[in-house]
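Note sheet for the following structure.
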Amino acid sequence: MNRRTRLFLSIGIPALLVIVVAGAFLWQQYAAGSGVKQSQPISGTLEPQCAALTKFDTPSTQNLTGMSLALDWTPNTNHTGIYVALAQHWYQAEGIDLHLLPYSASVSPDVLVSTGKADVGVSSTEGIVADAAVGQPVVSIAAIIQHNTSALVTLASSGLSRPRDLDGKTYGAFGAPYETAVVSEIIKHDGGTGQFKSVTLDVDAMQALESHRIDFVWVFESWEVIQAQREGYKLNVFPIINYGIPDYYTPNLITSPTEIQQKPELLRKFMLATACGYEYARAHPKESAQMLLDQNANGTFPDPGLVFASQNFLSPRYAEPGRKWGLQDASAWHGYPQFMLNSNGVDDASGKPIHSLNFDALYTNQFLPWGS
Amino acid sequence: MDAPKLLVQEVTKTFHHGRQELEALHCIDLTVAGGEFVSIIGPSGCGKSTLFNIIAGVEEPTSGTIAIDGEMNTSRAGKAGYMPQQPLLLPWRTVEENVLLGLDVRHVPRKEAHQEAYKLLKRFGLAEFAESYPATLSGGMRQRVALLRTVLFNRSFLLLDEPFGALDALTRLASQMWLLNVWNEFHSSVLFITHDVREAILLSDRIYVLSARPARVLRVVEVDLPRPRKTEHLALEQSVRLEQDLVALLMKEQRL
Amino acid sequence: MKLRWIASYGPAFVLAVALLAIWELYAGIGHISPRVLPTPIAIVQGLINNWGVIYDNTIQTLLETVLGMVAATVVGLALAIMLDTSNWMRRAIYPLLITSQTIPIIALAPLLLIWFGYDIGPKVLVVALYSFFPIAVACADGLASAEPELMKLLRSMRATRWQMLWLVRLPGAMPSFFSGLRIAATYSVTAAIFGEYVGAAKGLGIYLQLEANSFATVQVFAAILVTAILSLLLFGLVSLIERIALPWYHGAIARTM
């Protein structure tokens, strides 16, 4: 092999690789499409405000205002209402072209919303309080789930059958500063001393629990607990609001104060479609779960059974019976947030704990279609 | 009268290391006539290589002048074929490509350069190695290739720094004869450094003996042996005497 | 020739098979829940069953990796040459180079997202960022180790700086360059996955997260398997190219063994 051939091959082989991979990539883009499947139009009775949306016939992409929504996690049943509205083209009916921003493990929706990279996002009361404390406030415009559905859980086989048994045990934390205060309060409420060991986990909470290295974790009843039950693990579940923790909303839909100032009409339209989506999901777990599945590419939900089971659990809990979805009460915005501040777990931008905050500025119901 | 190939006049070289001064060469006078084979011998570390660096244009003297072909104010680099002690063949080039290295630097078109290099290799019996890589060659072979590289770059004036020092006795002898062959072919002017007195006597027309540091010219000797040289000439009485004289001179310098 | 090939790769193969067998037995017997550690056979089955989705994500990650590596090679080479220019340059740039590697991606991620969005750009950037360093350092070291005597020889031939670089220093630095390239190639796929964690719709990193969040451990391991295979292939490709580009080097190495 002479010099020229060698040089040619040395440059040529990598170049060929790049061309082949780029080609495969472009081919796949062209051939695959979006992976989103068409959903059946819904039937059945709807709220009066939502009825108008279903009359919408052919979605067109002209004159639509682009809008972006940042998810807090990979798609799950907390987001079902949004996907229902997407599947039914309700955003388009309101003149909105909604983009769901891909999930980022390193950048929270709060940052994206407060920097204007996203119009709306999904966050939690804890996140919203922390954002306000460091001077990057966001505003909650809806409570996705009316009551807190998180709980401390232990393996049934561990024999730890009530919170006060957790004294001296090991907790698998996710690394938030107020966790210790919350867990301690729960244990004390049940009569324990509130002392326990804490280890911050980088792994799946349930995996840690099953490995027996951790005694208890804090998880969502609607997801991890459902999955564990499906796998046959028996758990002891201690919903936190049953043990002295003030009820609070999580997750929430958030937007920035700037957005509220500059695009209130857009927010109203967005919320109409979204609220109707969640209202539908409340009454139709099976169909809405199907829409959640169809709107996402293959591979997003390796276990459809989990999605259906979770939706069955969550649908009745989006809002209290007889009440409309999304409404927020002042008590939820004063109780838990104050609890967080009292635990010295919330810092301002320079790292010092703060002790008071204007909670009323953190939420509003004005964009919900049914007023406050 | 023609200008000598090389004229070195009162060249001094002083190195400065911070406050310290080190005089390496002191007032060296040296000439090489056209077509002459001149050797420089001296105790190790006396500065022979420094002198070579200056002549080759890699370093500048502290004082004194050097003229090549009568010109003293132009840059000396490129005017001599310089061969350092190590053959320094480039391992990624074949033997032929190594030989034409100097022509590459001169931007000679490759086709022409290859032809010239191959001609040279053929003339001096190395054609069969043209496509080999240096790693496959013996030490003696590599020195010869390096020599051909030097000759191809500049056949009129060669600066050879102890080219055969690392070879075993037999290979050295063969290489010396081969060098004389090359020299005969091109009528080059050669300046040759060695620490081997017998080698100097065998190869040269004249020998400069340098002192220990700071190096001065101790003696210049004519070697009056017939050409073409043969190894038998070293056994002649005049050669033996010369050798003994020079060795004695060097031994004195070495002790200092 | 065949025998030599078997002799050189044989032991690694046997060791790998042995480890896999131990893994299969240990996980299969039931000591470990399949949610924590599935058996190798289950993983391969998972790979085959989900091949369509995994392929789609693999192509995405592979493109990010390959483009990032090209960028890293160009930048790495250029930096190595710059570092070689003078001592002053070296002292000025080297510390910056090292610092660039210590920035945790968590700090970089929000900036990348805000400046460049969710396109393939930031992922290529992340791959390039973490891959250019071994290439630059290895190549710079290779350039620095050029024989001073050789430089003297070239100067005596009136070679310019650039000629010395092109004719001697750079070719001489190729073995070092390739060893840096090999290291970079091995890490590049993982770097692409980290880049995807910044925010992406598709890719092995995202696929990993999706499956993990749905407790599909088998698919998580299948994705990891694909990542490992890709890294091995890239490493092998670099070695192949080195063998083609530097036949003289391998001849010499073989002789010393």
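What to note about this one:
Note that the chains are named A, B and C in the order they appear, and that numbering of residues resets to 1 at the start of each chain.
In the analysis below, contacts are C-beta pairs under 8 Å (C-beta built on N, C-alpha and C of every residue); 3 or more make two chains touch, one makes a residue touch a chain.
Nothing here was measured: the structure is a model prediction, and the numbers come from that model.
Between the chains A-C lie more C-beta contact pairs than between any other two chains. Here the chain at the heart of the shown protein, by mean C-alpha position, is C. Here the spacing of subunit A and subunit C, counted between their Cα centres, is 35 Å. Work out the mean CA point of subunit B and of subunit C, and you get 49 Å between them. Put simply, the C-alpha centre of subunit A and that of subunit B have 82 angstrom between them. Contact of a single residue of subunit A with at least two other chains is seen at no position. In subunit C, no residue touches at least two other chains. Residue ranges of subunit C in contact with subunit B, taken from their complex: 147, 149-150, 152-159, 163, 167-168, 171-172, 174, 246, 248-249, 251-252, 255.
In the complex of the two chains, the subunit B residues touching subunit C come out as 53, 56-58, 75, 77-78, 80, 82, 84-86, 88, 90-92, 101-102, 104-106, 133, 135-136, 153.
Put simply, subunit A touches subunit C in their complex at residues 1, 6-7, 9-10, 13-14, 17-18, 21-22, 24-25, 28, 32, 73-74, 76, 101-107, 111-112, 115, 117, 204, 206-207, 210-211, 227, 231, 297-303, 306. Within the complex formed with subunit A, the residues of subunit C that make contact are 33, 35-36, 50, 52-54, 56-57, 59-60, 62-63, 66-67, 70, 105-106, 109-110, 113-114, 118, 197-202, 206-207, 209-216, 219, 237, 240-241, 244-245, 247.
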